[in-house]
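So that you can tell them apart, the chains are marked A, B, C and D in the order they are listed, and the count of residues begins at 1 in each.
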């Protein structure tokens, strides 16, 4: 069942150590099928070096395991909340990548400091509030999903393909599993450079909106002229 | 004698360069046998690339060499003090890993800044005091072991599987040699992110206890639901 | 057409990931032919691992594609402005390398802090102003080329083989594609060390001019005595 | 002539990129023969990947080339000044390694912040003054050697096997070429951790002398008990 999607999700998970985003098993990638009723996700706590496509777990949108012998990622409920909310999100990834997590631990949003950021994220990358004790009690993982949705607000998710959960780390997403991981790599690199920039210029000189818009629209939307896909 | 444990200790020592925790010979891992009367430990000052299982040294809990032609690690007495004190500690590791050592050199404990920390260490990772001139004179390595025990105080060692020795570096431990090294890798990564966090937010916004408890208990104890081991 | 130059430009582009200067496709190298009427440049948005010499695009100095089926780099107009202006520039490179980009995002020029800098860059590496909204509107990439020329002013380009574009990143150049990439690697390393230096000594103790001149002239000009090329 | 020493010096030079101490050709290692009248040194500006033992240059203590077709390192005169002054120095190395160079660019000596430092360097690692314009004019490389000797003062060179040249970078040495490179690696790692320590604790809590002495004497001198060489 969903063999191609299993392979795709496996490959995306294996890209996490390849791009230096994870230590041990600290990350997980999922993707949703075209019918948008089944999600393929990494099993919980399994080492990347030993994972195969058959280890991937298939769950429905309520989190019931439909296929697979292993327990799905402990963050599954967060992924599902995003798929239920956003029709254009096809893949979700969570990591504890070093620089993005450091911003999250600092409870600071990442302002637009340069064109690298503007090429992918159409504005400040927000850092969420903390969940309350009641929320943690009620349903920690699912309400982390709600928190992401609350933090994004009216922003279309593919124009802001990742955010920071306060004192936790980044979640990122994309059209599919591969795109989600791509955006997680970008977010980590933006965070790395923003950290160095904050050291050199604590006042943080933000990129003016007219250059942000120029760069974002070079790569996205109907007038995009970056890459080989003629719009 | 203890051939399987020798192999295990060798493998754990070889993981130190693999995970970037050591330069040259600056680290050592040991493990204790099930009878808890013999300890297998790395020889002193031998390069990792040339080590074999037969180079591992077997000592009793007083530090007498029971088997092996090489001199055991100069830190052996510290390891033994921990095995004598803590029945649930099966492996011990010492490194000079870059970020954890930098915190130790700063004489600062690492507060709980995020869930990465909370997943493994159930509270602030303490930095010890300095040994006094008399203690250094009396028995530097053994009293470093006593210092670790003093610094841990009433904390069960497996809930705080590593600490910092002031102006020296980290010691970590676990149920066995592999677990000890795993915790040393985690400690180094926590220290790396805490350093960046301190640069971004010198006031250091600590993770609230209710999230610390949630994350620690997701992975540890009878209600754990992370990974594949059903509690 | 220009087969040798295609190979040279391909090799120079592949050096970008080799030297850790790029994430994904965030960089591009070009070179001009001896007749100085045709430029070979990387295609836009193509992954390095899949690029071949035949993917390189040949354009004239107005940016018309003369040979090649792919779209040239979106930064082509910037490269061309430099070739039109500077007769001794044979290769141009643009990256978002982490440390140089962080200085650019900080809107700070890099002063001469040491002999590493003095060996290659004969003075402060300037950071440009921002383009105005009108300039961005009129011709973003071409006017970025004009901005580089404005920022260099009277400085001969091969004595200052790279600069920073404010809130964007570095451009570098050289006698040929290989030399351009070499200078981009040097600029990144200078930026890395300047960042650490700024952390240790925010006042920044600049290298005196008499040592700058000594080092620069050891490697460049008719009295150079570094390397194997007898002047 | 001196074939074994050539191989040793080649191997030591190749260790520089292996340990991440050099970019391009920015480093050089030499060693002196037992008779202490001939020095084998890396040629100037030759890429490490292409170097062979036969490329090594043999010079006498006045700097005359005795054997070899290539020009010796431009820093040869600095190396020779050290061999003439110190009978127990058998190998010398110069690099622009990132962290040690950053301290040099900051014009700051590295205080003893931890036992990693104390294991190898018996006190603060000094940063030199700058050469005067007259000294640069008179003989830059040879007087850099004099500057190292002045900076060391009465300190026996093997107890302080490396220093920082202000706004330039580190020189290190040892009993032979291999030992010199070993000490350069240690110096770089000490500098890396001292940078992070300075960020966490700008006041810098130095290791007390009684622990410095304990650690230094564990590894050096007649009562050493680290490693496998029974004193």
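Keep in mind that, in the parts below, a residue touches a chain if its C-beta (ideal position, glycine included) is under 8 Å from a C-beta of that chain, and two chains touch if they have at least 3 such contacts.
Values in this document were obtained by computation on a predicted structure and should not be read as measured data.
Enquirer: Of all chains present, which has the mean Cα position farthest from that of chain D?
Expert: The chain lying farthest from chain D is A.
Enquirer: Fitting on CA atoms only, what is the rotation between the copies chain B and chain D? Please report it in degrees, nearest 5.
Expert: 90
Enquirer: Have a look at where chain C meets chain D and say same if over half of the interface residue numbers show up on both copies, different if under half do.
Expert: Different, since most residue numbers here occur in only one copy.
Enquirer: Taking each chain's centre as the mean position of its Cα atoms, how many Å separate chain A from chain B?
Expert: Roughly 33 Å separates the two chain centres.
Enquirer: State, to the nearest whole Å, the distance from the C-alpha centre of chain A to the C-alpha centre of chain D.
Expert: So the centroids are 46 Å from each other.
Enquirer: Counting only residues that touch at least two other chains, what does the list for chain D look like?
Expert: In chain D, the residues touching two or more other chains are 199.
Enquirer: Mapping chain-to-chain touches, which pattern fits: line, ring, star, complete or other?
Expert: Looks like a ring, each chain touching just two neighbours.
Enquirer: Quick one: which chain pairs are touching?
Expert: Final set of chain pairs in contact is A-B, A-C, B-D, C-D.
Enquirer: In the complex, go through chain B and note every residue touching chain D.
Expert: These residues of chain B touch chain D: 23-24, 26, 43-46, 70-71, 74, 96, 98-99, 101-108, 130-131, 133, 136, 140, 167-169, 195, 198-199.
Enquirer: List the residues on chain A that touch chain C in their complex, please.
Expert: Result: residues 113-116, 182, 185-186, 189, 192-194, 196-197, 199-201, 205, 207-208, 210-211, 214, 218, 225-228, 230 of chain A touch chain C.
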